[in-house]
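Here chain A shows up in two complexes: once beside chain B, once beside chain C.
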Partner chain A sequence: MFHWLEKNPFFFALAVFVTIAFAGLVEIVPNFAQQSRPLIGTTPYSTLELAGRHVYIKNSCNACHSQLIRPFKSETDRYGDYSLSGEYAYDRPFLWGSKRTGPDLMRVGNYRTTDWHENHMWDPEKVVPGTIMPAYRWMFVNNTDIDTAYAEMLTIEKFFGVPYNKPVPMKDGTTKIIKMGATLNEARMMALEEAITISHDMKNQDVIDAVALGRIPEIVALIAYMNSLK
Partner chain B sequence: MENRPLEYDYSVSKLFIYNTLFVGFIGMFVGTYIAWEMAFPSLNVIFGDGAIAEYTNFSRLRVLHTDSVIYGFVLSGVWATWYYVGQRVLKVSMAESKTLMVIGKLHFWIYFASSAVIVVSLFMGITTSKEYAEFEWPLDLGITVIWLLWGASIAGLIGLRREKTLYISLWYYIATFLAVAMLHLLNNLEIPTYYASGGIGAWSHSVSMYAGTNDALVQWWFGHNAVAFVLTTPIVAIIYYFLPKESGQAIYSYKLSLLSFWGLMFIYLWAGGHHVLFSTVPDWVQTMGSVFSVILILPSWGSAINMLLTMKGEWQQVASSPIIKFMVLGSTFYMFSTLEGPIQAIKSVNAIAHFTDWIIGHVHDGALGWVGFTIIAAIYHMIPRMFKREIYSKKLMATQFWIQTLGIVLYFTSMWIAGITQGMMWRAHDEFGNLAYSFIDTVTVLHPYFIIRAVGGTLYLIGFVMFIYNIYKTMSARQVEESELQNATPMGA
Partner chain C sequence: MNKIYLWGFIVTAAMLGFTYMSVIGSKGGLNGDIVNILTAAAAVALVLITVFTVIKYVRQMQVDTASGELANEKWDDIGEYLNPIPTGWGILFLLTMVWGMWYFLIGYPVNGYSQIGEYNEDVAAHNTKFEAKYKDITGDRLIEMGESVFLAECKVCHGLTADGIDGTASDLNVRLEANVVKYHILHGSNSKLMGTENPMPNRYGIMNANTDYSPISDAEIDVVSEYVANGMTGEGADVFAGACAACHGADGKGQAYVAPNIATFDIGLVVTILNHGKRGVIGGMPAFDRLNTKQKEAVGAYITSLSAKE
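Presenting the complex of A and B:
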């Protein structure tokens, strides 16, 4: 049989393809039939949080920080409850990372504040002596791309039914609505409102001035995203 | 006419060789630079902490390193050998078909142009974040075109072939083509948000078709097998051709080749689950990933042992020829790396190894030792035949070999120690059941190992520069070999 295949390239290629496609079919398809569903209390990202997530991705934060707490005592002691599948239901793409040059950030919103992040992103060495993380000062200058975040919200609502403007069940039995602007202008306004709230806890004068003038520096969006990780 | 050997056309192969050297240097330089950044973080802001710091920061450069080495250096090397080996094992010259020449040239130039766009876009931070699939949708389409052009070249040459039976190297090239096509298309299913939202925001942005755990599952099915089918199968294709050619020995066992090839094809794709152990993907997928990773030792070692036994009775060549040295040590690193990988895929070991530098060490003993050495050896074999000249300096080649080998050893030993140290410190508890170390303790302790690793990387880079110089001097030398070269490559002192 093998000798015959080696003289018939088409059937050879076909045999190779079937052999390699097999594992993917068995491993991936059943998992998709059972789509990953959100946990009660898991909400979609708001406009500013999603824009902050884009800042996180743009700077490859995931190259050094994981967002996956494994079910070990040492990890739950250090980072909080271990990760559950449903918590990632609105993560497109997933950001588990593959290397912890720095600590896990899955629940960083539980134990770090806006103030901490502001100091740390400006001068990490001052906040954590001995750290090898570089400063990210350009984030205090560059503007956040709110429009792309809004475009993504429209897309995921339309194609994947992400529940924006709909009540999402919370753990305490209440519901919460994550709003999405009806127009681009409304979305920009909503993001700015979120940004203003965050800038109240910040002390960098350039950032405060920028927000007052209606600009949102990347650092504000990134902090909104960090604070949402719980 | 009957007895005249075919005049093979190497013009496309040469272009890919130049690119291998060029991008190889850039990728390794960036890698070495970020290794020093981890040892001395002030290098992140070498040009100040103003606007330019964004482009010298580890986070932006890391992806440039991985992608330029994998898709620049390695793929160029693979394609350089394809446009050399393909003609020879099928007994067709590219010059016989204008169409095939056009396809080959288009293949190179579209690839070259896309690479330039990729470099710019990654510097700008345009990325999907998925490891080794960071490219946004327009580039994904470009990659698809490049891949199809390569497929057309394979199909075209096979269609015109005079030798009816496909040689082992071709099996691996075909498998590489098919598997990467499948992985690339399925992992990169994404919706461009600009078009979906009616023209809002960045034109290049897209959102993944998969969410959360599903996304992770597809990504690591891709990520693991991109390693398999870019860094393993085409390299096996290369060594199956060049080791017998250079040594003048026949492949040790056809049956072992069969077993290794079909075994590898079936088993490799299952093993992706070992990248997401203890995560939220289904437990049975994780277990399958672990189990199949261990089984994977068989076909991997099958190929490597087949290579080493091909040298049976001719081991003196390892001492006398630096090219054989590169290939034999490359195969040995393949065995080493494919034993280390399965060990790390065992769940209890993975609990310590995952997220640490041990994984980085593992990648590099495979990439520097197996992939790098095999491609370097193949180019040393091809250049004298393309330019009809002997290698400029054998001594330089031998020095390069030892410097790079030392570099690899420093690299993986330091990363083993760093990884296991950090993994053990993360999980250590004191007598009261509290965590024994804060996270920063587990970072500062790594400082000496980061320095040793950076030294190792620098040595490998120095060796690579010697390689480029040797190839350049060979190409520009005056001496010309008249006849078609047989077996052992001629080398100057």
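Presenting the complex of A and C:
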């Protein structure tokens, strides 16, 4: 049989393809298994959260903070339940990080609050004596890029079928709908609404004034993203 | 006689001689030890086998000619024999495949390692040990444990000395600060401090939609806030007795299922806050239900001890 294949380049190429494709299937197919699908209770990011994720990436937070809790007691004690692959279903790209200079942030929304993040990003040393984390004060001034976040939402909704405006099952049996604006203006309005809710818990007067005037400082988007990490 | 055999004898003699000098003829010698004897025998055997094998294959290279059936096709005029693979190899190959099937279908799935399984065992073992070790812990040791948990989990917001870091979190060295008391009298409260939905009304009182009339005046609020913040001392006892004591008790220590203790911290109160989180004038505190029951109790004991010593 192999002698015959060796004399027929076309079929030989075909056989090579089939062999390699099989190996590929063994690696690829498990990714479509249920355990790799979005977990029940994992929701897509809202406009403001996605914009906050962009702020997170832009400032290279993932260079010092991981988002991956390994199944060791010492880690789950510190950071919460160990991570499951389905929880990253809406992360493009995932932000596992490769080095923990700071603590893991996978579930930071469970144990830190809006006003804590606000104090901490303004002056980390005051909140955590001895920390090496720098202050990120420009986030209190710079505006959030909602337009890019909306563009990403449109793209992932269209090409990856991310379920915006569709019911997503939650752990308690109910469903939740993460809304996406039909137009850019609507998306901006929705992001602003979210930002107003968050600014109610904030103390920095400049930020509160900015949100009241319809601007969204980056810190608000970042906090929205942090609070969504659960 | 072929030169190769002559070389074989010379090399054998040289290597055996070397073996003799370095082992048997050396100072220690074989020493009557069975291991030494076996080692020396193995060295001799290795020499003989090496020389025999080398001679065999060198001879084969010298005299052997190619034979056997050739495959039909040639690649760039290089032919290939149609020799079957050695029987031993063939059997081993088939056995490997059988083993592979067994490992794929039974060996790995049945006996496979699971890191989640190991994690679960780890946690169970730790919890058992923790419970056994700290089951009867009380008094100062409980407070010490509470302090260590506090320094790991709580100090990030409440600060190393539990002072609340300039008002960004509650100062736990006192039960209540005047601005906190005032805020809750004005706005009411529903922080599940009793463990259930049990709201405290705002300044207009229970079931009172009439927001023009408040049963407690601004001045009275200020006075009673200071009174509660000072640990139920000073002016304002009369206002407290009139407005607050009905639920919180004359001594401010609260009543089960009605109102929480606002005079002092107690373990139950702290545990409830850790379970449910809290929301107040400063902001929100998240629930800390990842602590175990003993740890929560310990934190309660530690926080109670902070204000008790003043």
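Everything below uses one rule, namely that the second predicted complex is superposed on the first by the 194 of 230 C-alpha atoms of A that agree within 3 Å, B and C clash if a C-alpha of one lies under 4 Å from a C-alpha of the other, contacts with A are read in each partner's own complex, and residues count from 1 in each chain.
The definition used in the following text is that contacts are C-beta pairs under 8 Å (C-beta built on N, C-alpha and C of every residue); 3 or more make two chains touch, one makes a residue touch a chain.
The structure displayed is predicted, hence computed values, not measured ones.
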Check the residue A:Pro134 against both partner chains and state whether it touches chain B (first), chain C (second), both, or neither.
-> first
Who does A:Arg100 touch here: chain B (first), chain C (second), both, or neither?
-> first
Of the partners chain B and chain C, which touch A:Lys7 in the superposed model: first, second, both, neither?
-> both
Of the two partner chains, chain B (first) and chain C (second), which one does A:Tyr111 touch, if any: first, second, both, or neither?
-> second
Could you say whether A:Phe72 touches chain B, chain C, both of them, or neither, answering first, second, both or neither?
-> both
Counting residues of chain A touched by each of chain B and chain C, the higher count belongs to B
First, second, both or neither for A:Lys58, with chain B first and chain C second = first
Is A:Ser36 contacted by the first partner chain B, the second partner chain C, both or neither?
-> first
When the two structures are overlaid on chain A, which partner does A:Gly161 contact: first (chain B), second (chain C), both, or neither?
-> neither
What residues on chain A does chain C touch that chain B touches too?
-> 3, 6-7, 71-73, 77, 128-129
Which positions of chain A touch chain C when the two form their complex?
-> 3, 6-7, 71-73, 76-77, 80, 82, 110-116, 119, 126-129, 201
In the complex formed with chain A, which residues of chain B make contact?
-> 37-38, 41, 44-45, 49-51, 53-54, 57-60, 62-63, 125-131, 158, 164-166, 171, 174-175, 178-179, 182, 186, 191, 193-194, 196-198, 200-202, 205, 207-208, 210-219, 221, 258, 262, 265-266, 268-270, 272-273, 275-276, 278-282, 285, 288, 292, 351, 354-357, 359-360, 426-429, 434-435, 439-440, 443-444
In their shared complex, at which residues does chain A touch chain B?
-> 2-3, 6-7, 9, 12-13, 16-17, 19-24, 27-28, 31-32, 35-36, 54, 57-64, 66, 68, 70-75, 77-78, 83-85, 87-103, 125, 128-138, 141, 145, 147-152, 154-156, 158-160, 184
Which bits of chain C are touching chain A when the two form their complex?
-> 71-73, 115-116, 118-119, 122-123, 126, 153, 156-157, 160, 165-166, 168-169, 282-286, 288, 290
